[in-house]
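Structure, as structure tokens:
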Amino acid sequence: MENLISLWQSTGIYNFTAGQAFMMLIGFLLLFLAIKKGFEPLLLLPIGFGAILSNIPVAGISEEGGILYFLYYGIKLGIFPLLIFMGVGAMTDFGPMLANPKTLLLGAAAQVGIFASLIGALALNVIPGLEFTLKDAAAIGIIGGADGPTAIYVASKLAPDLLGAIAVAAYSYMALVPLIQPPIMRALTTEAERKIEMQQLRHVSKTEKIIFPLTLLLLSILLLPSATPLVGMFAFGNLMNACGVVERLSQTAQNELINIVTIFLGLAVGSKLSAEAFLQFKTLGILALGAIAFAIGTASGVMMAKLMNRFSDTPINPLIGAAGVSAVPMAARVANKIGLESNPHNFLLMHAMGPNVAGVIGSAVAAGVLLSLIK
Amino acid sequence: MENLISLWQSTGIYNFTAGQAFMMLIGFLLLFLAIKKGFEPLLLLPIGFGAILSNIPVAGISEEGGILYFLYYGIKLGIFPLLIFMGVGAMTDFGPMLANPKTLLLGAAAQVGIFASLIGALALNVIPGLEFTLKDAAAIGIIGGADGPTAIYVASKLAPDLLGAIAVAAYSYMALVPLIQPPIMRALTTEAERKIEMQQLRHVSKTEKIIFPLTLLLLSILLLPSATPLVGMFAFGNLMNACGVVERLSQTAQNELINIVTIFLGLAVGSKLSAEAFLQFKTLGILALGAIAFAIGTASGVMMAKLMNRFSDTPINPLIGAAGVSAVPMAARVANKIGLESNPHNFLLMHAMGPNVAGVIGSAVAAGVLLSLIK
Amino acid sequence: MENLISLWQSTGIYNFTAGQAFMMLIGFLLLFLAIKKGFEPLLLLPIGFGAILSNIPVAGISEEGGILYFLYYGIKLGIFPLLIFMGVGAMTDFGPMLANPKTLLLGAAAQVGIFASLIGALALNVIPGLEFTLKDAAAIGIIGGADGPTAIYVASKLAPDLLGAIAVAAYSYMALVPLIQPPIMRALTTEAERKIEMQQLRHVSKTEKIIFPLTLLLLSILLLPSATPLVGMFAFGNLMNACGVVERLSQTAQNELINIVTIFLGLAVGSKLSAEAFLQFKTLGILALGAIAFAIGTASGVMMAKLMNRFSDTPINPLIGAAGVSAVPMAARVANKIGLESNPHNFLLMHAMGPNVAGVIGSAVAAGVLLSLIK
Amino acid sequence: MTELMSSGIELMFAGMGIVFLFLTMLVFVINMMSGLILRYFPEEPALSMSVPVAVNSSSDTSYIAAITAAVHQYRSTH
Amino acid sequence: MTELMSSGIELMFAGMGIVFLFLTMLVFVINMMSGLILRYFPEEPALSMSVPVAVNSSSDTSYIAAITAAVHQYRSTH
Amino acid sequence: MTELMSSGIELMFAGMGIVFLFLTMLVFVINMMSGLILRYFPEEPALSMSVPVAVNSSSDTSYIAAITAAVHQYRSTH
């Protein structure tokens, strides 16, 4: 009898708090979005599952002794996001960007989204009950970078309490890029601009692809050492792939290793989706600011492309500016798709890959600035 | 000269204790069983090798500073068995069970083996020199679950000193299922019963396979949160595989990740096969009780199937009840084989897979009960 | 303004020390050697990149909190080199050595390089400013073993400060084997000796290949337990491959697992290439002694083969003695190549694989002696 | 009978009770679930249920696919 | 305007400044790099640039290749 | 000669001694082992030595095989 009472008192039904139940619903929602809607399933499925597991009463899966508690160390120590970034580096082909380097400026412009939402977060402090510090604001702003590992790395350093919400927002908006970007792109461009055909890209030699990651790293070392953990691991992955002499390491970095770390990172991010941390007015602010960041980044990229068209003799289709937010390769595909609507013979995909990967560099640089200036 | 004496005094020959030598023989025996007899080689080969390495005098491979000491943390913290369980979940197809859910009851019945051997362990306390605590008894009982990761997880929490013996017993008896089960199955069934043909299983839709792991997890959360580390990781692996949108993660979980963890876990389990822990009268008790647990589990499954046949209008071949102990997929194959002996046109394999995977759930639930009620 | 000054003061340009700049050049040199010259790229590329990353001012990538700091634990605890050794074991085929066991003596003779350079290091102490302890000298000597994981394991135990220089020397000289060995081999042999054709190797049965790693381990346990961490993990990998019943574990050990660990180990070794540790007079000594070690090892192997020819009735081509230094499989290829120059129909590759893998065992044994006798 | 043994027996009854309770409930829940799914989300013929992953999949994974495709297109124009 | 907001705005200007500075410099450096490479290290036709890895590759990786080759040769003589 | 140097030389002799002792013993042991194996466990022709793993292999690995087989059989009946 005592046993039965003790068992009843150890059931989930007996111990559930409303917050835990609600967070579990959020977890199921993420699973639904991942599986049924195809929202960044590689990340949102583990994150959603991690959210469910960490909100189970009594079990303590994300408390000391639980598996999610230990996995979270990989984020806390900054290891998981950097290893994923290394794998992403190994997957990235800088060819299109090297063939047309000025598209880097589009990747720069799109980072306005980061800083605009940082300011936005600070502005929201006028609302009673919201209190974002500069660190919080910076971590929120980085959602606008549209790069999962960068956002998680920065958030884990500056605002670990907001990590769950920030990661969820970042990956959700990346998945929503095909919905968020087109109206903005259409509103800011004329039909004639969207029809612009771009010059064929030149062939990029293997040597250029080998030297580029080293150049990038060197520049980052000289100007912005605080960005070098991110830029360095990215460049390392890219070099492993480009150089062609360590094929087996490169393959492992972009397959098994990144997969293993993705599973662990996803679960661990999910473990930060606790009721206390997530069910706050703040979270709504984060979600709103994240959407604004993506929108402003898209707009800035497009406007920058239009500006460059004024001064450049080789034409640039402004649609590819939107790809500057990164969200690789979705944003590039969106640019391609909108371009095809206006001109069915105009394939912008390769042209958009330039600003797309430039956006990855841009946000890593922005992350370096934030990590270096905010103490 | 001093050097030579010092060298001689550092040889294994000089330092061997009888216990170490004996444990090393056990290690070689396990290697022989794994390689020559095909006894669960994936686990028993690393366990056997770990046993040899950890009993080397002077070298201290399983003491602080040695590699097996560090690898053991993966078990101590509960990480390795849960990751293996995740991979097993990704490998498991619940289709046959979903097509005929009442076979779950066979998976429930077979767990009697767990609790019977728990009682048996306590009963053995009457023998002078044997002193099993309730925790010890529970950890021993879980051998009857016929599930490696579950047994190791529970033993590492309740009775880490017995871990080596329990893991060895669990995997050995799993390998012996084709010898242990048939006589019991034949003794408890009539020729007519063994000839029973079962209805073809209906097709199970993809949606059902996606929803099932979530349903399982939810029920476990509501009723038995203490089982959710095991059930949760298992369900996570299963969902990754069933949902079809994270194929690369699922593949990694059921291949490279589970392989890496299996190597580490096996070596680390082996490091618990030290003379002090293993060369005790207790170990004989554990081995005896493990065999009893498997036998009783088999018998209970068969009897449950016979009982269900009384009340059900769709016929159940009692042989598939034996598969309820889990030991996936060996027990299901045994059922199939014995069935074919009586009726060469009667393929029971798919029907037996239902209770077989149900047995995995059943032991995870039983593990949850033990972990929750024994303080 | 304050921000700008603060930014300027956080740039790499502002903070660079001459030592860091120089070490970064070393890093780029290693990348050049790896990529352009094909010098052991699997190790030297990550090591070179690690050297660059760890010498970035301000960023602190190899200081507490940085990723290289954490990765270095894998070396400090001895885990990474042992896991790589396990994978190398799984890749090694002892067939040729088992077919002609007396080639083991060639693998023994080549270890003279280890001890000669150990003595050399101590002799260098007469030069003012150089001060090698016995531990330092032993760690330097092990470069002559021509085995990366063994060298890193021993250096991490005896002289962690010298680890970077020792690892770089070991891998560089391994890559230089095709340059270092031929002149020595030609100088010590006559044209007639180089033309010697060897008897065809007998077929080695699978059982022999299974029993061999266990025999090796057993001998090591009895005579030299201090070598068993190395020998044991090597034998474990070899047994996994030879036994044929754990194919999936063996494949993972020699592919994904070794690749992951190689990336981590390389970066972590690179993190020990700091200006303070590397830019010392000592380093020149290490590089010189390493070259001497390789040369003496090669010479001893060749001379041993000539000596054995005096007493043996089956002829041994002395060129294969050079393969006894290990540097698998490069040294065996060199022997084959030099042999073909004198006799275009004389394929020595398989014959040279015997001493080649014997050299791996030889250096592991030598490592055991050093670890056991030097306190 | 010792106290230890009596708590063991209690544990056995509680344990088997919960195991059966749990798995019996699972039988009911599965039957309910399958019923609902087969009624409201019947599997359409062919492969129609498969989510169009390729279109809006993750930024991390589809890298390869995208870049491979793009490179092909790019190369074919050179 | 609060102090916090003003440091935020300062951060924005510093941040976007550096992002543009960095990426603009990168444009120049890439152009320079590509120019130098195309001039002094032009890609030779066919696959000539590929480093002869197979010949002097690592002791660890080329194990398989070497042993495979060797075993083939060895077997073919038996 | 310094004390350090003399312990180095002592180490060299001890070290090379043990290396040779070890590998020489290994030669003998291998010869013995091969002799015993070839005499008492001669390799049968063809693949007869291969342990019938597929039959009683591990619960973990053979999952795939079993389930694949089972699913095939199951599907083929639908």
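By written order: A, B, C, D, E and F. Residues from 1 in each chain.
The working rule: a residue touches a chain if its C-beta (ideal position, glycine included) is under 8 Å from a C-beta of that chain, and two chains touch if they have at least 3 such contacts.
Just so it is clear, the structure is predicted and the values come from calculations on it, not from any experiment.
Set side by side, the interfaces B-D and B-F show unequal numbers of C-beta pairs in contact, with more at B-D. Each chain gets a centre from the mean of its Cα atoms; the one farthest from the centre of chain B is E.
Interface matching across B-D, B-F or C-E places the copy of A-E, with more than half of contact pairs shared by residue number, at B-D.
Note on chain placement: the centre of chain A and the centre of chain D lie 26 Å apart, centres being C-alpha means. Separating the CA-averaged centres of chain C and chain F is a span of 23 Å.
Chain centres here are Cα averages; for chain B and chain C they lie 41 Å apart.
The multi-chain contact residues of chain A, meaning those touching 2 or more other chains, are 3, 7, 35, 38, 41-42, 223-224, 245, 248, 256, 262, 369, 373.
Counting partner chains per residue, chain E has residues 11, 14, 18, 51, 53, 57, 61 touching two or more of them.
Checking each pair of chains for touch leaves A-B, A-C, A-D, A-E, B-C, B-D, B-F, C-E, C-F. Of all residues in chain B, only 77-79, 82, 210, 214, 217, 221-226, 228-229, 232-233, 236, 239-240, 243, 245-246, 248-249, 251-253, 256-257, 369, 372-373 touch chain A in the complex they form.
Across the interface of their complex, chain D is touched by residues 3-4, 7, 35-43, 84, 87-88, 91-93, 95-96, 146, 148, 174-175, 178, 200-201, 203, 254, 258, 262, 326-330, 332-333, 347, 349-350, 353 of chain A. Residue ranges on chain E touching chain A, taken from their complex, read 2, 4-5, 7-9, 11-12, 14-16, 18-27, 29-31, 33-34, 37-38, 41-43, 49-51, 53, 57, 61. Residues 98, 101-102, 104-105, 107-108, 111-112, 114-116, 118-119, 122-123, 125, 133-134, 137-138, 204-208, 211-212, 215-216, 219-220, 223-224, 244-245, 248, 358, 361-362, 365-366, 369-370, 373-374 of chain B are the ones touching chain D in the complex.
Interface of chain D with chain A (complex): residues 10-11, 14, 18, 51-53, 55-64, 66-67, 69-71, 73-74, 77-78.
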